[in-house]
Amino acid sequence: MHLGKVIGTVVATRKDENLIGTKLMITQPLSMDLKPIGEPIIAVDTVGAGIGEVVLYVKGTASRIAARKMDSPIDCAIVGIVDDITIDN
Amino acid sequence: MHLGKVIGTVVATRKDENLIGTKLMITQPLSMDLKPIGEPIIAVDTVGAGIGEVVLYVKGTASRIAARKMDSPIDCAIVGIVDDITIDN
Amino acid sequence: MHLGKVIGTVVATRKDENLIGTKLMITQPLSMDLKPIGEPIIAVDTVGAGIGEVVLYVKGTASRIAARKMDSPIDCAIVGIVDDITIDN
Amino acid sequence: MHLGKVIGTVVATRKDENLIGTKLMITQPLSMDLKPIGEPIIAVDTVGAGIGEVVLYVKGTASRIAARKMDSPIDCAIVGIVDDITIDN
Amino acid sequence: MHLGKVIGTVVATRKDENLIGTKLMITQPLSMDLKPIGEPIIAVDTVGAGIGEVVLYVKGTASRIAARKMDSPIDCAIVGIVDDITIDN
């Protein structure tokens, strides 16, 4: 899993019909000290994540499992909202 | 999912027979402010995307789901045409 | 497989219900001489790994196999605790 | 899919028996203006590609689909020979 | 597939029980002229590869196919020992 922050949304009216009803969240990958790393990606929300929240997201088949839509063309999904990060280096 | 812009097409006459009839679109990955990032890839169009349009594309198994061709050797597909991107940093 | 070191934990109360009970470990990728390389990722522990231990982790479907939870949205898991690394260059 | 150029071959006598009979082609990834990008990879030929030809190749499960060998340990395959690339920036 | 050189081994006593009996080989990715590229990874040997040998390795599901262990948490495997590399640029 990866750490990210929800920073926006994408609207696509013409899309695969199995994507209808999904929420497409722009998610900024974060380091463990919550710094942005790399380019944002677009993840399907499956846990009610809101703008500004720090989340866990997954890629690939795991994202279709999260969405309970194995026949949807999803390759990234938000699966949790992070409460706490503890580093013991 | 990833954001991209359709910038061209590829023609391949000799190809896997399960690719016959697919439209192979050259897709430039974009940042959320629509700047090119990295090298273009070749995605199968599944939503009627045209040259110049900003699209959502997926990789891996999700692309065969989008194409409704699970027995086709596809690893990237366009699944939506983007109407609007909203960033709330 | 990849080499990593467990350096922390993540708590997410609101999450996919199939993730309930999993231990989310912050794992720092390591080179073979145990130097950090790249950004930490979040892996599900399946072998009782503790903070500070050097571990083997896997990505993708292999991680759901490791967790014995094929219906969980997991894309990274710890599958072994490393005792010894031998390099014969 | 990705664009590449076939630049050589690899011979491996001791190999997985499900790879027997496959042609292992060294494939240089190309940009859309046919410049080399990154390191060559080794792809299984499924369309009769020859040295010097510009090809489409795929990664992952798509490559086993292309090879019609779902039980072979293949993770990259050539699926088409490119006739024409059109860019409309 | 990728080219690599076996440069060492990893021992993990506490590990997923479906990994018992596997040989975990430290594999240095190589360019086609046999120069090291990037960080070594840990691949399961399926062809009797020895230290110092130049090998072909695969990632993802292909590695479980190679190991004939679809229920093992393997995401990288050695599938061939390279005899000859021919480049015709």
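Couple of notes before you dig in:
Here the chain labels run A, B, C, D and E in written order, and each chain numbers its own residues starting at 1.
Here is the rule we use: a residue touches a chain if its C-beta (ideal position, glycine included) is under 8 Å from a C-beta of that chain, and two chains touch if they have at least 3 such contacts.
Bear in mind that the values here come from a model prediction, so they are computed numbers and not experimental data.
Computed from the mean C-alpha positions, the centre of chain A lies at a distance of 32 Å from the centre of chain E.
Chain B and chain D have CA centres that are 20 Å apart. Multi-chain contact residues, meaning those touching two or more other chains, occur in chain D at positions 60-61, 63. Taken chain by chain, the contacts form a single closed ring in which each chain touches exactly two others.
Round the ring, from chain A by way of chain B, the chains line up as A, B, D, E, C.
Partner chain A is touched in their complex by these residues of chain B: 1-3, 31-32, 37, 46-48, 56, 58-63, 65-66, 77, 79-89. If you check the complex, the residues on chain D that touch chain E are 7-16, 18-19, 24, 26, 39-44, 51-52, 60-61, 63-64, 71-76.
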